[in-house]
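Heads up, the thing below is written out as structure tokens.
As written, the chain order gives the labels A, B and C, with residue 1 at the start of each chain.
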Amino acid sequence: MASESLTTSTTATALSKAQRRLSDRIGEPGLRGLTWLAAATSTALILLLIYKVFAQASEAFSTFGLGFVFKNVWVPTHAEFGGGAFLYGTAVTTFGALLIAGPMAIAISLFLTEMAPRSVRRPVATLVDLLAAIPSVVLGLWGIIVLCPFTAKVIEPVLKSVLGWIPLFGGEASPFGLLPAILVLTIMAVPIISAVTREVFETVPGSLKEGALALGATRWEMVRMVILPYSRSGIVGALILGIGRALGEAIAVTMVIGKSEAIHAQLSQPGTSLASTIADSYQGASTKLELSSLIYLGAILLVLAVIVNLVARLIVRRTTLRAAQAGGLA
Amino acid sequence: MSDERHTERTQTVTQIITPPRPEPQVSSEPSTDPQSATTTPPALAPELAPQNAAARQVRVEGLRAFYGDREQLKGIDLEFEPNQVTAIIGPSGCGKSTLVRCINRMHEEIPGARAEGRVLLDGYDVYDPDVDVVAVRRAIGMVFQRPNPFPTMSIFDNVASGLRLTGRRRDLDRKVEQALRGAGLWDEVSDRLSAPGIGLSGGQQQRLCIARSLAVDPEVILMDEPCSALDPIATLKVEELIAELKQRVTIVIVTHNMQQAARVADRTVFMLDGELVEVGPTNEIFTNPRDTRTEEYVTGKFG
Amino acid sequence: MSAVAPAAPGAQPNPFVSDTHLRRRRLRSRAMEVLALIATLIAVAVLGLVIVSVAVKGASAISFNLLFHSERPFGEAGGGIANAIVGTVILVALASAMAVPVGILVGLYTSQFAGSRGASIVRFALDILNGVPTIVTGIFIFALIVYGKAQSGWAGSIALAIIMLPIVARSAHEVLALVPTDLREASLALGVARWRTALRIIVPTAGSGLITGALLAVARVAGETAPLLLTSSIFATTVGTSPTTALASIPVRIFQLTETPSPQEHAQAWAAALLLIVFVLLLNVLARTLFGRSNKRSKATR
């Protein structure tokens, strides 16, 4: 009786072992192959994307060449297209946003890592991060109805009276324009820059901070002497990520920027950007050339975004390399 | 303005009442002879040289230190003699580092930590509410267990960093050289002052940190196990340095190495469980301790 | 400066004199601290402002009519956003169905099966894909599927899926790589094949982290307008459910509603924005609390 059950259990084990070996024969290469396929497809995807966008822009590219990028003209009726105004708008709004968001986000990160009482750090950090979760169309809606009138009634007149001698700030107050676009992009860039710089600041070794304090530095002097220099490349990386975010933003910008293809020097005046124009004019495009020109703008945007991404990666790699070296030395 | 006048007046008064303590024979100019530079530390600037024996004296009165609710130091009364090296020994966790960190008010930088009591330098309480902690730390320097030169700064900038903070930017070159000579590092680095500070060896980095502290002319230098991360040769160099430095500053050194205490310290303090057990001349502590706990510790029965 | 009476005979000069220079340094440090505080307050205030605006203006416009009726043909008053709500649900569901499994498979590949070179190539490609502006993704799908033909819900959801993919893949990789190696090695040492180890042990351990990644990707993509503008923006006013036609979506509808100056349309836009922001914030909070829990658990097993 005992031996019988032993034999049956051995047979059962042998059977299930055979089953398992079979399923292993299928399963192992099966899963491996499946995951490889998914990975290969994803990798091919980006290549296909770049190819397709450039291909679709090729008509405009062959008509206008590289000069398109800087020429400021957009007259669909005369089949004349050039991206100058949009590039200018993208540049102004992106760098304007960075100028405000950069220092602001760094200040926020310093507050959250060095100065705030421990109990409020996590919740406030979460709140700042939540800014990034607001969909851009909602921010655009808020921008049109709440921010733009405020900009026209309060911000622009104040700027004009205080700094009006600078051409940037001298224009007539108008609700839609480059300035609200800059403000909206700032709101979007701050959480990203802050999240990354927060991580970077938290890696600063406590012994360095102690050393500065024990030398007789005030808190701000310690930040300036130790934290900021140590985090230099991390901060640059964060700023570049912020640039990437601002660069590609189409919706919120198009809703508040006012759509004007002229290049104005004043921030209060309406403007345009690469991304916002595509969003705006896509439906109205009537000719193939016009559509292709719009996509040419998209290609320019893609190139810029990829460059930004690559630079950010380079900086991240250099930062982690230096951190590893410093760790080894200590 | 009135502070300077007050200082002048007190200096004149003390000169009449008490004869000035004989200062070590030094020239007022930095010596260009490398030999004498390493054996005779340059003079302190006259406006900073205290006139009285009570200068550079640290008294701890009723010091209690807490980490949150936990009491780490349970009431310490202690005097550190000026221009002497005092070692603090004791088993791990006895509170020696905490004590030293209370002297330059670094203890309170830890979240939730606080201290009660008085710590007097030259008779002035570092915990006085009118005193800025930055001024305390300028007068009482600190060298840490692991050398911590600022990695983004050159050797020169590291030493000059404290000077630049206090606004004493004139004569930086001379003062940096003085400090580096005082730390016994000048000969080794004078040709590469713009090299990064972290490029030095461990022992050199620690001497760089000492130079950095010296540059701001402190009265006291606290050392928290300064040699525990160094090799024996570097340790020896630092110990030789300590013997020289005590002519300029009062030194308090925390060490878990009793032989080191025996080598460098004039007086030794033994602590246990947050309390002061015994204090006295070093060779008495080691050869003829009065307390049995001290005897057990120095003979290696525990710790 | 109040000085405690010195203990030693004869007064010493106060070593802690606070001269004007020190006072200025102290002031500068305090000023910087205040600035940092102000910056943080501004950020939080803006967040509050936006949420409150949406909540107040949106709540007043929400009505049964709005939620369950669709747009009226041009010119007629009234109407609602029912078609947009249904459309968003369908588009996001389809996009998730495509992106989440593929993303997890890619994460499995890069963390479990790939060699270091293969993994870095794939992660590099995904990184670039992640950095592509969403409007360019829209252009891509437009050029691929829509150009010359017609917009469709499929086009829209594929565009959304492409945006979700790198997000899901990266978080899946991180969570799967976080599973303690001892667990994996113990399983392999017992003779369990790699694929079984992956499916039966590693994936379940990483389970909630994978869900978190998926939720965050959904939250991100539910509010995307730009890619849909080019692929699924010319839609009927009735509620459509077939992805072969262009489907309405909440973000696109909000965008369209703001193009007119009509206050009724704006009110509808606020209501739609309220729905969207509640959905997105809920997902975010859910994902964070879920992730917090799974993070603690995986740390406990170490």
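Things to note:
Throughout what follows, a residue touches a chain if its C-beta (ideal position, glycine included) is under 8 Å from a C-beta of that chain, and two chains touch if they have at least 3 such contacts.
Model, not experiment: these values are computed from the prediction.
Looking at B-C and A-C side by side, the one with more C-beta contacts is A-C.
Chain centres defined as mean CA positions place A nearest to the mean of all protein CA atoms. Centroid to centroid, with C-alpha atoms defining each point, chain A and chain B lie 50 Å apart. Remark: chain B and chain C have CA centroids separated by 53 Å (rounded to whole angstrom). Look at where the CA atoms of chain A average out and do the same for chain C: the two points lie 13 Å apart. Across the assembly, chain C contributes residues 25-26 that each touch 2 or more other chains. In chain B, the residues touching two or more other chains are 134-136, 165-166. Shared contact sites, meaning residues of chain A that touch two or more other chains, fall at 218, 221. The part of chain B that touches chain A in the complex is made up of residues 104, 106, 109, 111, 134-138, 141-142, 144, 146, 148-153, 161-162, 165-166, 198, 209, 212-213, 216. Residues of chain C that touch chain A in their complex: 25-26, 28-29, 32-33, 35-37, 39-40, 42-44, 46-47, 49-50, 53-54, 57, 102, 105-106, 108-110, 112-114, 118, 121-122, 124-137, 139-140, 142-144, 147, 162, 165-166, 169, 193-196, 198-199, 219, 222-226, 229-230, 233-234, 251, 254-255, 258, 266, 269-270, 273, 276-277, 280-281, 284, 288. Across the complex, chain C is touched by residues 3, 7, 10-11, 13-14, 17-18, 50, 52-55, 57, 59, 118, 120-126, 128, 130-132, 134-136, 139, 165-167, 219 of chain B. Of all residues in chain A, only 118, 205, 207-208, 210-218, 221, 225-226, 229-230, 232, 326, 329-330 touch chain B in the complex they form. Looking at the complex, you find that chain A touches chain C at residues 24, 27-28, 30-32, 34-39, 41-43, 45-49, 52-53, 55-56, 104, 107-108, 110-112, 115-116, 124, 126-128, 130-131, 133-142, 144-146, 187, 190-191, 194, 218-221, 223, 244, 247-251, 255, 275, 278-279, 282-283, 295, 298, 301-302, 305-306, 308-310, 313.
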